[in-house]
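Both complexes below contain chain A, partnered by chain B and then by chain C.
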Partner chain A sequence: MKSNFDNTGILIKKPVAWLSADSTEPQIAISSRIRLARNIANLKFPITSSDNERDYILEIISGACDKVHLFNEKLSFNMSQLSQIERKFLLERHLVSREFCSGNKGSSLFIDSDESFGLMINEEDHLRMQIFSPGIKFKALWENISQKESLLNNEIPFAFDSKLGFLTSCPTNIGTGIRVSAMLSLPALTLSTQINQIIYATGKLGMTVRGLYGEGSEALGYIYQLSNQSTLGENEEEIIGRVGSTVNRMIQHELDARTLLIQNRRDFLSDFIGRSYAIMRHSYLITEKEALNALSAIRMGLDLNMFDSLDMEKVNALFVMVQDAHLQKCLRKELKPPELDAKRAELIRKFLIN
Partner chain B sequence: MKSNFDNTGILIKKPVAWLSADSTEPQIAISSRIRLARNIANLKFPITSSDNERDYILEIISGACDKVHLFNEKLSFNMSQLSQIERKFLLERHLVSREFCSGNKGSSLFIDSDESFGLMINEEDHLRMQIFSPGIKFKALWENISQKESLLNNEIPFAFDSKLGFLTSCPTNIGTGIRVSAMLSLPALTLSTQINQIIYATGKLGMTVRGLYGEGSEALGYIYQLSNQSTLGENEEEIIGRVGSTVNRMIQHELDARTLLIQNRRDFLSDFIGRSYAIMRHSYLITEKEALNALSAIRMGLDLNMFDSLDMEKVNALFVMVQDAHLQKCLRKELKPPELDAKRAELIRKFLIN
Partner chain C sequence: MICNICNKNQATIHIQEVVNGAKKSLHICQICADAKGISVTGLNGINLSELFKTVHNTIAAPQIAQKTPDSNITTQPEIIVCSSCLWDSEKLKKTGRLGCPQCYKAFSGILGYSIPSLHRGDFHVGKKPITSIQNRNDAMVDIFRLQTKLDNLVQNESYEEAAIIRDKINTLKSTIV
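Our next item is the complex of A and B:
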């Protein structure tokens, strides 16, 4: 194995790929992602394999990636050699899953330096390919990732059953192994307490709604991840089509909720957004959760043209920077909660004054 | 009776007498007050008297006031003819008690136009004389009010028992009938949760601590009223001396609590004051209670030189203006809570921007 160069240092200076403000539309659909789960045929799943077996899997995949030039500019991260802050840092950039952060031996992340494409090796499956884009671009993402998957498949025989499809560690991924997801900012639906009803309804449509960091996480910053529940019985295009139309419906619901708030509860809405800005601008202690929620409220305020001297780019940059690991990477030191909250507030105040 | 000229219209344009910022000291001791309870000899107390008897009492006192020129420029308010907002307006200016706001027939308020001296007629007692000053000036107040009391006593025989002293409707006022009180702003003691302990301790010293509007009211804006509990067994000078030294001790406690907060919890303190300012500056819905609390936090921030472009005069003016009745008098209309909170927030935002 190559020694672990701390590539997190390269990333810290860049905005994240999944949160971009080059759209003039309301910032409701933040980003889209497609993930494929694959396993090498005739090898045990990572969960039951030994350290040596996991290293062997990593070697196979790494070799195949290099051979087919899968990456434009590959950055690699050996998870077991990263500090806890560095692992959390990758999670905050949505490059790894929460499970992957436990940093098992042989668990490695390869990404393209623009962070638009990545492989988690020895996560739950041997291989988790992920591709990201700001906004909703499922079709383009699918074309891109399926091409990359074919390239790899030329080198690596994937575990496949002619009846079931691709075999995966967890039965919920068997078949296509595809997870199509959208990150949605839904503050108005949350404020008007319609969100639980909508989560329930999307469940009936075979969709899952999760929090900011996927499975089991909280909807920090009023951000939700919508994705397909089953991977079996439909082909990839059908799944993408269903997720896409559900996303469009949720965007419309959020727009309707915003319109209703403006029509019927304008003071309440202005107060909510005004106070969120106020707290970012004048607090001296702020938790990650409060900061993310406030920033999401401000993003909605920007959509509604409530601010003259703020732009979405700046707010989106803050949205990543205020998170615990990014903050500590920025400041180049480990901090405990009270100091962390003070430094976060300081960074936000300075950032908003400039 | 003279017809009820709405003298509240004269007062609305003026700052209140009890909240003044001409001191360079920390704004902890806001104001001092001395109140004397007196009753006319051989007449029933107001609580058991008929409307006619109450009118008769009013006539006697009114005549005596005019005869001895008790007021420099007398304004009179017939409580039963005032609207609820006008009565609340007088309460917010601390010119009347909460009980007096029920507006019983014959209940009238006479004040000097500078609001430094007033008489409540037909409150619990026939006569409640009150004298006010910003800061702590008990001695000067006592000289002034005892002189005024003697003038009136030349015209009106007060109910007096050679053993008990002055007789009053409620036994807690018998004897001297004096209530010496100070309005204290104690945010640091409140924040550091020492306040209940201190209230308990002052109780042991024969003192009572009450909220912003006296008996049974809440400590809005971290403001407390300290006063003597008993009126019997000591002369006026002794009571004034005891209240004065307790006030000094409480000021010292508050200063100590501020020093400790600055030394040990600077971020917490800055955050508390910063957020209070933020909410005043950017909210679109704010209740009376939240506004008063925020303003008190800002007053402490001014004491600690945390603001460049704010002055105590402005904050003190807001402290009165944001209260429900003042706000409605200012806007010349009756408002219900959601609209009231929106108008309050608007007034505060505009006031702080200018």
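Our next item is the complex of A and C:
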């Protein structure tokens, strides 16, 4: 097995799986993800397990993955052996949760090398399976992950109750154990301050809206993650259908907000996007938040055909590279602000000139 | 509820064990809990099944009877403990998490209220697991239990016994591959 360090080294040379520019539509719905939570029958959850017990859980799951050939090309990451920067690096690629970054013993990440599929082992539950795709492709993702779950279930008996469904460490995930989520870029709704109303309204529909890095994070770069709140009492297709229609509604709201901005406040909008570009071109110190927000504005400018010499692929690549851990991994150096902010500004300037 | 050990004081700690689907309860007062070394924050190191056995034997014996009128213990918040993983209702309230699959039975009283408000129903619909690999689960549970035992032995520096358990684990593992 390759070492952890090599594996993060492999990833940094590649674009992330969830951000892709192969579409001519406005890039509002960035990506979709489905996650399934499972636990091994009759064994304690990670929260009450000792280091050795968690290691045994890892051994069971790892063995089963190999036996059923769950991965095309498996890369593994032992979280307790990674540096803090490397853990943050995996978080920035949306491969792990914030909770998983605490790096408990026995916590391991397995992914396919194209980063479209992964397992978090010994997170809150024994097993968290995740599958990702650019754009909104919930149905295909569900078929795919359900197949993989059945494969593993041939080897591993899962904790299940006929009334409560799959049993999870947190009662908010019981039943289907499914979390269906979409990453949405909503700059116009944010600029026109309608976003809070919309978040409130989706809450009433049983949906949760979170920030860029998921649970407990703020909305950096005008990016939000929408997902289902409840997991029991509806089947997977019904949940997917509900998230899907809410996503469509939010995309429509964002498009409406953009149209209104263009009709009523065109100069304001152009000025906002133009200034964001100027900041990126001419800064010598720039924070992660400032860079992500500016890039998100530039992405909207691309949707509105404001730039000839820029393309979405380049902007998307920057969107990943300007994040703290990616930047430090790229420079092979641990840095703190203001040096980190200076290096970030330098990277962006060079990138936009070429 | 009167304490099952002294049959005298008001019980404040409630332990539930589910054996073959049948629920057994154990109610203990603070004084007896202290005497047996059971603390509110955890039951680590206590042999629960032994405790259950002693208590149920005592209850089965003929001298149950006579409820002595209340002692002057101050009433404490009632605590429920899951006998499989020793997680308790205080920790559940603090973290919002459960300790093992059996916790859902042990804490059903508390969860019965919260689950309907968290979800769009209280009955699972959707994918069900494959159930034909039960025998393999038994082996996993056995190994997991031995792992727990090994942890305790190493902690107490009983290295010779630990080595025996480690061998046992390895033999068991080789049988389930």
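Quick note on the criterion: the second predicted complex is superposed on the first by the 348 of 354 C-alpha atoms of A that agree within 3 Å, B and C clash if a C-alpha of one lies under 4 Å from a C-alpha of the other, contacts with A are read in each partner's own complex, and residues count from 1 in each chain.
Here is the rule we go by: a residue touches a chain if its C-beta (ideal position, glycine included) is under 8 Å from a C-beta of that chain, and two chains touch if they have at least 3 such contacts.
This one's a predicted model, so the numbers in the text were calculated from it and none came from an experiment.
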item	value
Fit or clash between chain C and chain B when superposed on chain A	fit
Which of chain B and chain C A:157 touches, first, second, both or neither	second
Chain A-centred angle between chain C and chain B, computed on Cα centres after superposition, in steps of 10 °	130
Chain B versus chain C as contact partner of A:275, first or second or both or neither	first
Which superposed partner A:234 touches (first chain B, second chain C, both, neither)	second
First, second, both or neither for A:52, with chain B first and chain C second	second
Touching partner for A:44 - first (chain B), second (chain C), both, neither	second
Contacts of A:60 with chain B and chain C, given as first, second, both or neither	second
Winner by number of chain A residues touched, once chain B and chain C are compared	C
Partner chain in contact with A:174 - chain B first, chain C second, else both or neither	second
Touched partner set for A:287, first chain B, second chain C, both or neither	neither
Three-chain overlay, closest Cα atoms of chain B and chain C, distance in Å	45
Chain A-touching residues of chain B, taken from the complex the two chains share	267-268, 270-271, 274-275, 277-279, 281-286, 338, 341-342, 345
Touching residues (chain side chain A, partner chain C) in the complex	39-45, 47-48, 50-53, 56, 60, 63, 124, 146, 149-150, 153-167, 169-172, 174-176, 178, 206, 230-236
Chain A contact footprint on chain C (complex, rising order)	84-87, 95-102, 104, 111, 114-115, 118-131, 133-134, 136-137, 140-141, 143-144, 147-148, 150-151, 177
